[in-house]
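Dropping the structures in below, format is structure tokens.
One chain, subunit A, appears in both complexes that follow, with subunit B as partner in the first and subunit C in the second.
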Partner chain A sequence: MALLDITDLSLTLDSRRLIDGLNLILEPGKIVGLVGASGSGKSLTARSIIGLPPRGAEITGTIMLDGLSLLSLGDKKLGQIRGRDIGIVFQDSAAAFDPLMTIGDHVAEPLRWHLGLDRKTARIEAQRALNRAEFPNDIDAFSRYPHEISGGQRQRAMIAAAITLSPKLLLADEPTTALDVTTEAAILNLLRKLAREDGMAILLVSHDLPAIATIADHIALIETGKIIESVGIQDITPHRSPRLAGLFASIELQDSRAEIKSGEVALRGHSLSFSYRDKRAVENVSFVLHRGECLGIVGQSGSGKSTLARIIAGLSKPCAGRIEAIKLPCPVQMVFQDPSGSLNPRWTLGQSIAEPLHREQLAPATRTQRIVQALQEVGLDASFAGRYPHEVSGGQAQRAAIARAIIIKPDIVVLDEPVSALDISVRSQILDLLDGLRRYHGLAMVFITHDLGVARRVADHLLVMKDGKVIEQGPTAKVLAEPKHAYTRSLVAASPSLNHKVFTPRASEG
Partner chain B sequence: MNRPSAYHRGLWIGLAIIASFICIALLSMMPWMSDPTTIRVAERMRAPSFEHWLGTDQIGRDLLGLTMRGTIASLLVAIGAVTIGVGIGVPMGIVASARENWFSQVIMRANDFIFAFPALVTAILLHDTVGSGIQNAILAIGIFNIPVFARVTFNRSQSIWTLDFIKASRLTGRKDLSIAMLHVLPLILGTIIVQATIQLGLGILAEAGLSYIGLGVTPPMPSWGRMLNEAQTLIGIAPRLVLVPGFAIVLAVLGFTLLGDALSEWIDPRKGRG
Partner chain C sequence: MLILIIRRLVGLLATLAVASVLIFAMLEILPGDPAQLILGTDARPDTLFALRHELGLDQPLPAQFLQWISGMLVGNLGTSHTYHIPVAALIGERLPVSLPLAIASLLLAVLFGIPGGILAAMNNDNWLDRAIRMKTQLLLAIPNFWLAMLLVFIFAITLHWLPAGGFSGWNNGGGAVRSLILPAIALAAPQAAILARVTRSALLENLDDTYMIAARARGLSENAALYRHALPNALIPVLSIMGLQFSFLLAGTIIIENVFYLPGLGRLIFQAVNQRDLAVVSGASMLLIASVIIVTFLVDLAALAIDPRLRRRL
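What follows is the complex of A and B.
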């Protein structure tokens, strides 16, 4: 019998239909991945299950949890079910914790609230849950506050808090999106273990298809509030699930990198170092960037790659070392990870794109022409100039940010995780766009990413960073095929989008 | 926009109250209104009548006229004090938030120092140099407002300075000042307006307090706070002398608070909707 049975669920908000007749079944011990682009309704579905839809939303249909109709329950009853029968893990572990409560008390809270346990017993139980979630033993959870532990550890603590009461259903909303690859792989393994060993059903909501594919038994693809494909992981074939198979194919990375040109040197970094509050963020890093070349900088979060990006762009001054550049007609431009944060929300895309032009005295007509031209180069039509960031999708906003970076035709563009915040289907298009711009303008690019799959696709040269130091560098294909350093090997092994075995054979069986 | 009605109501009630007070202030200045400051000892302590709708006080002044005219002092002080606070506090907050260095530390610590002095203490300190009067009240409350606006501005703009579009703007060659004017200020304007509305309400309350203890508006200019002071010995005989100005203070403060709350929910819907 199904543990969770969603039948014909619809949700209307402000007379817009955001979930439209959705059906989903979840069995005990199984992991179902709900995959979709942002705005597809996947998070709304999750919020409807736990009875926290946006205020003013009208919901129809039924959600049955173990024979109990959730939509007909009152707030009080739902409050009892949340935490006891349904455990919840959110994306942003930093925001989900009360900064003034220790980690341990967070995990113990559901025990005291739902079971009324006294402080001491609750702590013992909480420690047991922490151990199950593989929270490091050497950290005393009851004396540490959320900001004192890493993102991966916080995520484990949140999972511990969600499983203290052994819920039947675990709802994980983008649980690994904010984590780097190795931590991501560890968290996903933990979730799979919980499902296998405790018979917990897990609904994994994410836009990250490779991540979901590594652990889910079943994948449901959601688009504009409808499940358009729902298949077992074994059955993903172009014939039975054309859309999912197509998405997998678009992650498939073609090794079509052109041979490295030994062109003119555009930028040279000499033993760069940067310290922040006595912490060495970048240590003795040297590199060469040629004209028209793409230099990939890979590493986990905290490896110093973003600091290095800021130094290259000239936003931070290195504490030691220097940057030597050919005479640049204009400063290095930059594209950032989060398209929504890289555009002023009160400015139209046209205003943002035109900002670099402020030093050139241009006639209004010429200015408009330049904006339209830049928009066209990034594949947007002229009408986008008048739109605001909240009126366009993440991919379109990122295209606009790229347009802003290239409008003054710089020689060098630094891209800091430019596709990490985007949906997979859009990712590939943006990478193609960047590749095209690089070829067309002879642009040199510094491409920061934690995703080796992306790095393999775009970078000619690779710089692997760990703890502020470059531990390996060389031509991309060589570094990835024969990694010399143990750390690089672990990165390659942990990268879901490089590890074809995870899904490729299944996808091509049919 | 489709918003729930709860704070729509607050918005309209607040606006209506404030608009009425402004009308009352303007009306009380019209030449055909009899001067409420005229003393007619023979007519003192009259009960409400057709001639004096709310009666007269202990020296024969018309209570309704005095209360209406008192609106002017309240609004002048509150607006003057907020102008000082915004004019000095907002630039300080923006400058301090732009970069993390000793200079911003000095600015914010200086603000903490000023913040430690309530308007009352400042008013006593200023009394020697400025003398009592409306300017003393405006200055004392205004000085108290500076750190309030400096902090609100600092806190809101600090997070904006770290956003990526600011970095992108720096890469186009813009300097701090133009980034502050083009990017930061427009984004925090809403918050400043909300804070200004709240400080207007608090300013009215503070003016009444200062005038009550004789540090604010001086005679003959009518003020609600001083009316309360003058009537305190008569509370048993003629409670209306206390209740009328008291009610005016409560209503004016309520008006600005309602408007401030409604505006802040408008700007940050997360506060109102889950």
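What follows is the complex of A and C.
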């Protein structure tokens, strides 16, 4: 019998139907991946299961957990099930902890609340859960506060808090999106272990198809609140699940980029170093960037890649070394990870896009023309100039941010994780857009990413950074195919999106 | 942690030093010669000269400042020329009225404001919340001297429950308490309203945060999640408001003590200003400033105790 059986679930909020007749089944010990773009209703589904939808939401349908109808339970009864029979792990571990409470007390809380254990016994049990979640042994969780540990450690602690009472069902809502590749792989591994060894049923909600594909037994694709495809991981074929197969193919790393003749040198970095509060963030880094070339900089968070990006963009001054540009002044523009953070919420997109033009004194008509032209180049129509950031999707906002970067026709654009906040389907459109711009304008790009799959797709050359140093560099294909340094090898091994076995979803068999 | 406290302590002393220089400078800038003020306009030049010498006014400014500040450190705030007794003794006489009044008002404000805010947040947008919000709005809008007169009219003149003003001294404990009740309420009312509104909005801000959803997901009931997680977080902004309120309460006594004829610090300052009794004004101001700075320091310490993010690991 199924552990969780959702039939005809619908959720309406402010008279918008966000989940629309959704059906889903979870078996014990199995992992179901729920994939979809943001706004497709996947997180809402998880929150409906645990009975914590946003305020004012109206829910219909049935959710049966082990023969118990969850939607007909009162708040008190539901409280007994939450945390005991159902655990949930959220995406943003920094926000999911009470900042005033130690990590350990969070993990102990369900034990004290549900079982009424005293502080001491609860702590012993909590430590057991922390160990199970592979929370580092040498950190005393009961004296550490959420802000004092890393994102990966917080994510493990959150999993520990969710599994202290060995629930039958674990809901994981984008548990790895905020993490870097190595940590992501470890967390996914942990989830798999919980399913296989403890027989937990896991609903893994994510927009990250490669991540889901590495551990899920079954994948359900959700769109506008409906499951449109639901298949076993072995059965993803263009025939049986055309949409999923298509999505896999779009991330599939076809090296279809037309060879761009590497032109003249646009920028040269000579043994650049940068220290921040006595800590060497970038150490003795040299590189060459040609016109029309894309230089990928990869590494984990804290490897110094963003600092290097800021130096290249001229936002930070290197402590030692120098940047040499063929043409001076060398126009450089930057695109950031989070478009909603880099666009002023009180400005229209048009105002933001036109900002770099402030040095050129333009007639209003010319200015408008330049804005429209920039919008067109990034695939948006002129009407977007009048909209505000909150009125457009994440992908559209990032396009606007790119339009702002190219409006002064710079020689070099530095992009710091420009697609990691975006949905997988949007991601590949943005990458296509960047490719086109590069080819058309001969733009040189510096592309910072922690995702080797993305790096492989866009970068001609790769710098692999660790602890502020470049430990390996060379043509992308070569670095990824025959990584010389052990660290590069571990990055490659930990990248689900590079793993060809997962990524060739038996298209030939279909 | 200890270093952090010491650092704040050094900051506190520095602020006090700056404040003392400012007060001294302000008194120097003020037009008028204290000796002339004391002796009157028809004083003979030689008596004036003798008094100037006695008061140290003929010495250079830095020397005067040093004398003033070192006197202050040992509790010698100078002598009041209207009362002809040491300022310290004068203040010491008035503090037993003003300090209990300020503390009682703060307690009242906390006792009604914070639970009111919690109640409003828990009943977000239903009749109770709206009633509380309307009441706080009203209390904020009414000037407290008017509220004081209203209270006197109802509870003293009409109902004869409490005295309309005056203070019988602490020898008569019950009488003293009775005469402080109405002033304390008048002082506390707007502060309670502020606290209620701040508590309510701080709580509501936290109520739908991810960590609150996570707490409910661990099984906690709505109320348990609110008391265990949202409230401590909401109290951080409330605490800093309370620190500010204490200084408002001290200043508020100037008006309220006049309405109720209470022989407190506020009334002393008011009269001293009218009579150009500079020694009293500077001594009392220094005391008020010192107490505000110390309260701010205590609030900082309390925030350190509550919020681990402020404590840096050393």
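Keep this in mind: the second predicted complex is superposed on the first by the 494 of 510 C-alpha atoms of A that agree within 3 Å, B and C clash if a C-alpha of one lies under 4 Å from a C-alpha of the other, contacts with A are read in each partner's own complex, and residues count from 1 in each chain.
As a convention for this text, contacts are C-beta pairs under 8 Å (C-beta built on N, C-alpha and C of every residue); 3 or more make two chains touch, one makes a residue touch a chain.
Small disclaimer: the values here were computed from a predicted structure and weren't measured.
Superimposing the complexes on subunit A yields a three-chain arrangement in which subunit B and subunit C clash. By the touch criterion defined above, A:Asp14 reaches subunit B but does not reach subunit C. Of the two partner chains, subunit B and subunit C are each touched by A:Leu52. Legend: residue contacts after superposition of the two complexes on their common chain; A:Gly61 is shown touching neither subunit B nor subunit C. In the superposed pair of complexes, A:Ser352 makes contact with subunit B only, with no contact to subunit C.
In the superposition on chain A, contact of A:Gly321 is made with neither subunit B nor subunit C. When both complexes are overlaid on chain A, the residue A:Asn344 reaches subunit B alone and has no touch with subunit C.
Looking at the shared chain after the overlay, A:Gly79 reaches subunit C, while subunit B stays out of its contact range. Residues 52, 54-55 of subunit A touch subunit B in one complex and subunit C in the other.
Note for the complex: subunit A touches subunit C at residues 47, 50, 52, 54-55, 75-76, 79-84, 86-88, 90, 92, 95-101, 106, 109-110, 113-114, 145, 147-148, 158, 161-162.
Listing the residues of subunit B that touch subunit A in their complex gives 2, 4, 163-165, 167-174, 183, 186-187, 273-274.
By the touch criterion stated above, subunit A contacts subunit B in their complex at residues 14, 52, 54-56, 310, 313-315, 331-334, 336-338, 341-346, 352, 355-356, 358-359, 401, 404-405, 408. On the subunit C side of its complex with subunit A, the touching residues are 208-211, 213-222, 224, 228-229, 232-233, 306-309, 313.
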